[in-house]
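Right, I'll just put the structure down here and ask away after.
Each chain carries a letter (A, B, C, D, E, F, G, H, I and J) given by its place in the written order, and its residues are counted from 1.
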Amino acid sequence: MTREEITQQILTARLAKGLTWQQLADAIDKPVVWTTSALLGQHPIPAESARTLVGMLGLDESVVPVLAAVPMRGGLPTAVPTDPTIYRFYEALQVYGGAIKELIHEEFGDGIMSAINFSVNVEKKPHPSGDRVVVTFDGKFLPYDWTAAD
Amino acid sequence: MTREEITQQILTARLAKGLTWQQLADAIDKPVVWTTSALLGQHPIPAESARTLVGMLGLDESVVPVLAAVPMRGGLPTAVPTDPTIYRFYEALQVYGGAIKELIHEEFGDGIMSAINFSVNVEKKPHPSGDRVVVTFDGKFLPYDWTAAD
Amino acid sequence: MTREEITQQILTARLAKGLTWQQLADAIDKPVVWTTSALLGQHPIPAESARTLVGMLGLDESVVPVLAAVPMRGGLPTAVPTDPTIYRFYEALQVYGGAIKELIHEEFGDGIMSAINFSVNVEKKPHPSGDRVVVTFDGKFLPYDWTAAD
Amino acid sequence: MTREEITQQILTARLAKGLTWQQLADAIDKPVVWTTSALLGQHPIPAESARTLVGMLGLDESVVPVLAAVPMRGGLPTAVPTDPTIYRFYEALQVYGGAIKELIHEEFGDGIMSAINFSVNVEKKPHPSGDRVVVTFDGKFLPYDWTAAD
Amino acid sequence: MTREEITQQILTARLAKGLTWQQLADAIDKPVVWTTSALLGQHPIPAESARTLVGMLGLDESVVPVLAAVPMRGGLPTAVPTDPTIYRFYEALQVYGGAIKELIHEEFGDGIMSAINFSVNVEKKPHPSGDRVVVTFDGKFLPYDWTAAD
Amino acid sequence: MTREEITQQILTARLAKGLTWQQLADAIDKPVVWTTSALLGQHPIPAESARTLVGMLGLDESVVPVLAAVPMRGGLPTAVPTDPTIYRFYEALQVYGGAIKELIHEEFGDGIMSAINFSVNVEKKPHPSGDRVVVTFDGKFLPYDWTAAD
Amino acid sequence: MTREEITQQILTARLAKGLTWQQLADAIDKPVVWTTSALLGQHPIPAESARTLVGMLGLDESVVPVLAAVPMRGGLPTAVPTDPTIYRFYEALQVYGGAIKELIHEEFGDGIMSAINFSVNVEKKPHPSGDRVVVTFDGKFLPYDWTAAD
Amino acid sequence: MTREEITQQILTARLAKGLTWQQLADAIDKPVVWTTSALLGQHPIPAESARTLVGMLGLDESVVPVLAAVPMRGGLPTAVPTDPTIYRFYEALQVYGGAIKELIHEEFGDGIMSAINFSVNVEKKPHPSGDRVVVTFDGKFLPYDWTAAD
Amino acid sequence: MTREEITQQILTARLAKGLTWQQLADAIDKPVVWTTSALLGQHPIPAESARTLVGMLGLDESVVPVLAAVPMRGGLPTAVPTDPTIYRFYEALQVYGGAIKELIHEEFGDGIMSAINFSVNVEKKPHPSGDRVVVTFDGKFLPYDWTAAD
Amino acid sequence: MTREEITQQILTARLAKGLTWQQLADAIDKPVVWTTSALLGQHPIPAESARTLVGMLGLDESVVPVLAAVPMRGGLPTAVPTDPTIYRFYEALQVYGGAIKELIHEEFGDGIMSAINFSVNVEKKPHPSGDRVVVTFDGKFLPYDWTAAD
């Protein structure tokens, strides 16, 4: 079974069992965004955690080594996302991406926010005019650095 | 002169004058991400603020009404960004977009993070293993709500 | 079974049973556009309604939790629709989209029509020179509003 | 001067003169959506009306025959619109397009809503939880009809 | 079974049975271009005709309601056709499409040739230097007409 | 001046002079579809005819050799046309292209309709329920023929 | 079984049986490029030849009528080929396509090399600095010729 | 002036002066396909030859160093060519590309036809049923060879 | 079974058996990058080596002739890679590709680095500020050389 | 003047002055790949170095602040490069990208080669069968590391 097929099984099994992503994350003591992303096929899951999750979801144990392997990443079915919930983040990049780039350079110099030494947090914050979704992208600054092995 | 041509003039004039985005934002007393995004052509700039900025940058006053009009938004030159600093945010969507969607639904129910009732913050946070770029997307939760005018 | 596979089953079962979309909507006491869109895989269907529909269509009860989950939305098979009935709406956007944008801004200020706090209505209206299809897109105006959680 | 260049001039002149689209429409006694769309390059403008508009906007009279000619239509700069105000309509097509198609067929039979014998209306409607943008697409139903000239 | 799967069965069954498109069209007393297009999945086939065709082709009777439903139209596997026989028509659009547009406007005014009130004819015409394929697109002229339901 | 720039000049000059495509065609005694297509940049125009046309349109004589050269053909600004008048022909290909292919093969055998040994005709034909646009694509049948120079 | 599925079977069977394309071509006494292209799904194969090939490859006789039908042509899986052996021909078009066009026009006048009245030859030619692949595209010149059926 | 601008000048100047590609090639004693391709911006032209050509075409001598530099190659304006004369070669790749690949491997083993150690020839060959365009792609066979510098 | 299906089996079997790519490469005494690429479907694997690998992985012997045949190459699922590990190489091309081209021309003259007479090496090199990935692309220089078979 | 316009000036001026990239790099004492890439618009050039280069190339001093600013990176004119010299690197990614990914994971664990803490080297290495282009991509290994600012 390929990783994509396992991801499909996970999605269906989670709904059938009525498990939340938080419960799955708690079971392996990992952050919930990381766990969800991993179960959606974007991160390798260490074998022990994979066994726990596979047990909770009632999948076949034989999928563990595939879950534990580094996957081919990239989870959007189209280059420009069509799902409205995901699209809003793409739209934010269209409108604010240039500004974010300019300000990273103004505050840090030439370089990028790492998407590897990185974490994401999704939070629900109350506000008088309605709850807010606060998503934090938190990555190490990596300055452009022309270095060679020797 | 079109908004695009004015944006090009702003970019060149800012560098020639040696002004920071923060100085431009302070001059009109607006958040710096908003100001930068607006100067990059993504938001209308109220006429009074536009006049201040146009003065600082040495542009022609005739551009003010164009700056004050709602622009055609969308600032990425290609659907998939090629600039590495901007690309990392697109990559984060590829890897974490599905998980963010699932968790918004798990925590809030069916709906989206608004990209209109919305703000972005770019912060530099120290960390023992190197400064971090922390970018916060903060939007009102909008539940799917089947409503009609009457 | 994935949501896509369930949608295929729904389409075939509806035709085999000779049910109209209106009958399906009436059975769960929901607007017909909403119901049709949901059965086409674009909205979660509350479990109780899902059970009713699954019964009418003769599908397996095990699909209920998948129908009740928020789906990955986006129902057009290509970025530019090829089906003539759907294409005409895309064409209307090509010809009138710019004008609609300008007039939303002229009447309401800077902002958008929400597609989330939103309803669609399809009506048949008589006219001396032939019946007319009147489709109403009705969404809450959302002004651009730079707000943060605190 | 090409139609595209004239459209650019119209956009800038309108802002410089501080004219609303409604004022321009009133001056030629035409619906405002039609007028705006026409001034954005999507419809021919009868020569007399064109002369009135050209006068109000201070453009050169020589552009009148170009405005009066049928233009090459299609006003979106990219196949999938990036501007958020326009995008919401595209998103509505992604989510509700399939349902609209099914219901046109259920209510009218096989055929389409004409986008040629057609009008669009943009209205502001009050609502307790906030004003609503109500956009009506109103086109003649055209049944699929296999007809030949003789 | 989906319409696409039925179309595949039709294609194979027709070849296995050695039936011509003309024979299938004659059996239901419909024009041959219409019949072929319908059997290729582009038109609904009235139930009675569908039963006749299904019988001739030896398919299962259960496909009749799917054949009788309005299909999702659009039969080219890629946006630009790769098959040489079909490509030549696309090429003709590239070379003559602009001229056809200009002449429709010159002869009829602003509007289009309907592709809905429409028929196509494929004819073999002799010519001293070799037989000719004469394909006629025959559609009602639809003038741009700004009409509303009331 | 490139052919594209000359085409732009022709378009504007024709409107300014109030010349019809038919008048231009008559002046050089050529079919009107051919002439229009050629003036839109899709065919070389023999020098003598070019001189006549350049004279009528008031262009500079120096463009004649460029008009007389074989152009880089292909007149649609996007792979899928956005102009509604042209789009209908593309739509007809989506809906009837497969059927046309099948019937060319059924009537002629394996091969194509030439788009080179070819003519197009645009006609206005009366019909009780409204005038019809009848466009005839007329090309020599070319059978697939595996031939080599020697 | 569709033509695509048959092609997959042919590819696997040929390798399992250890047959060369030349042997298959010799068995039906046809040129090897034509035979290979036909077996890859790009040409109809006359029933008798198809039976011979099907026998050699050990396929089911029922595929013969599908092989004998004119296929939907177009064998590249992506618009720009990714396989290096095929890509080099695409690259040659990028670098020399413009020149080939100019020289066809200079030597023959306005027109094309037919890809229908056409043959291809692949030859191995010795050369002091290494064997050469010599691929000849040989098509009848077709002059642009505005002809109609009557 | 960029190479692209110089190419445009060359194209116009050649037509204005009435020079053939063959005459230009003869003047620098190079093959005509190579010369044409180089003048279309696909090859560097040695300074001495460039000076000769620039003289014949009446261009400014300052373009010589740009002509002598290696250009950014790739001469098709779209990934899939729209010009019919060039398209036929792309079509031949769609229909015969797979076969050519298989036969190169059958005759030579794993590897490619070089497009660098390569020449193209365009010939006019008589044939009883009409002159033929014979285009020969002639490239050194390069076997896949896993070699490292040391 | 097609090569793609075999590749999927190899990927799963390798993980299930806990074999490293290095072990597989050692077993057939080939470089590890070559072996991995071949097992991912990008190179033919000589029958004897294929048999060894098939044995280690527990696949069916019948796949050997397919593994031994030259595959259709091209291993990226999208034209622009989405996997971050692979994307970085694409990004390096975006940022340094132009410079690499200029320097190959400056140091070697007009030509290319062969990707056929070519090897790749992946090395882990220590560095005070962290281990480095050093990937070497090593290809024979091929000068543009206009040569014909005779 | 925009960075793109300055890049064009640099390219032309370098050729007109007959300067090599190496000479430009030596003048500012920087690696030649870095310098070339920066002059092609992919890196900011410190003001002092920029002044030196601008002097050598005879450009206007006013371009210095633009050269010193962080540019919008991404130097390929199309997503898939068409220039053969650059394409070979893209092809190498198609053929070896999957293998490189697998081996980075096998040797280093889950993570990427940084393209920011990174250098590229282009070397000419002699080899008995012809000089080789050896391009080394050398980037710091970045392990996937779920870290947050606090």
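We take it that a contact is a pair of C-beta atoms (placed from the backbone, for glycine too) under 8 Å apart; a residue touches a chain by one contact, two chains touch by 3 or more.
According to UniProt, the chain labels map to these proteins: A, B, C, D, E, F, G, H, I, J = Cyanate hydratase.
Bear in mind the structure is a predicted one, so any value in this text is a computation, not a measurement.
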Matching chain pair for A-D (criterion: over half of the contact pairs shared, by residue number), options E-H, B-D or G-H: E-H
Rounded to the nearest whole Å, what is the centre-to-centre distance of chain C (Cyanate hydratase) and chain D (Cyanate hydratase), using the mean of the C-alpha atoms as each centre? 23
Using mean C-alpha positions as chain centres, tell me how far chain B (Cyanate hydratase) is from chain I (Cyanate hydratase) in Å, no decimals. 41
Could you grab the centroid distance between chain C (Cyanate hydratase) and chain E (Cyanate hydratase)? Build each centroid from C-alpha atoms only and quote it in angstrom. 28
Using mean C-alpha positions as chain centres, tell me how far chain B (Cyanate hydratase) is from chain C (Cyanate hydratase) in Å, no decimals. 30
So which stretches of chain B (Cyanate hydratase) touch two or more other chains? 34, 43, 70, 72-74, 76, 79-85, 91, 94-95, 101, 105, 111-112, 114-118, 125, 127, 129, 132, 134, 136, 138, 140, 147-149
Name the touching chain pairs, would you? A-B, A-C, A-D, A-I, A-J, B-C, B-D, B-I, B-J, C-D, C-E, C-F, D-E, D-F, E-F, E-G, E-H, F-G, F-H, G-H, G-I, G-J, H-I, H-J, I-J
Going by the contact rule at the top, pick out the chain I (Cyanate hydratase) residues touching chain H (Cyanate hydratase) in the complex. 31, 34, 43-44, 70, 72, 101, 105, 110-112, 114, 116-119, 121, 136, 138, 140, 142-149
Chain E (Cyanate hydratase)-facing residues of chain C (Cyanate hydratase), complex: 8, 11-12, 15-16, 18, 77-78, 80-85, 125-127, 129, 132, 134
Which chain A (Cyanate hydratase) residues qualify as touching chain D (Cyanate hydratase) in the complex? 80, 82, 84, 87, 91, 94-95
So in the complex, the part of chain B (Cyanate hydratase) that touches chain A (Cyanate hydratase) is made up of which residues? 20-22, 32-34, 36-37, 40, 42-43, 73-76, 79-81, 83-86, 88-108, 111-115, 117-118, 120, 122, 124-125, 127, 129-141
In the complex formed with chain E (Cyanate hydratase), which residues of chain G (Cyanate hydratase) make contact? 1-2, 62, 65-66, 68-70, 72-74, 76, 79, 115-116, 147-150
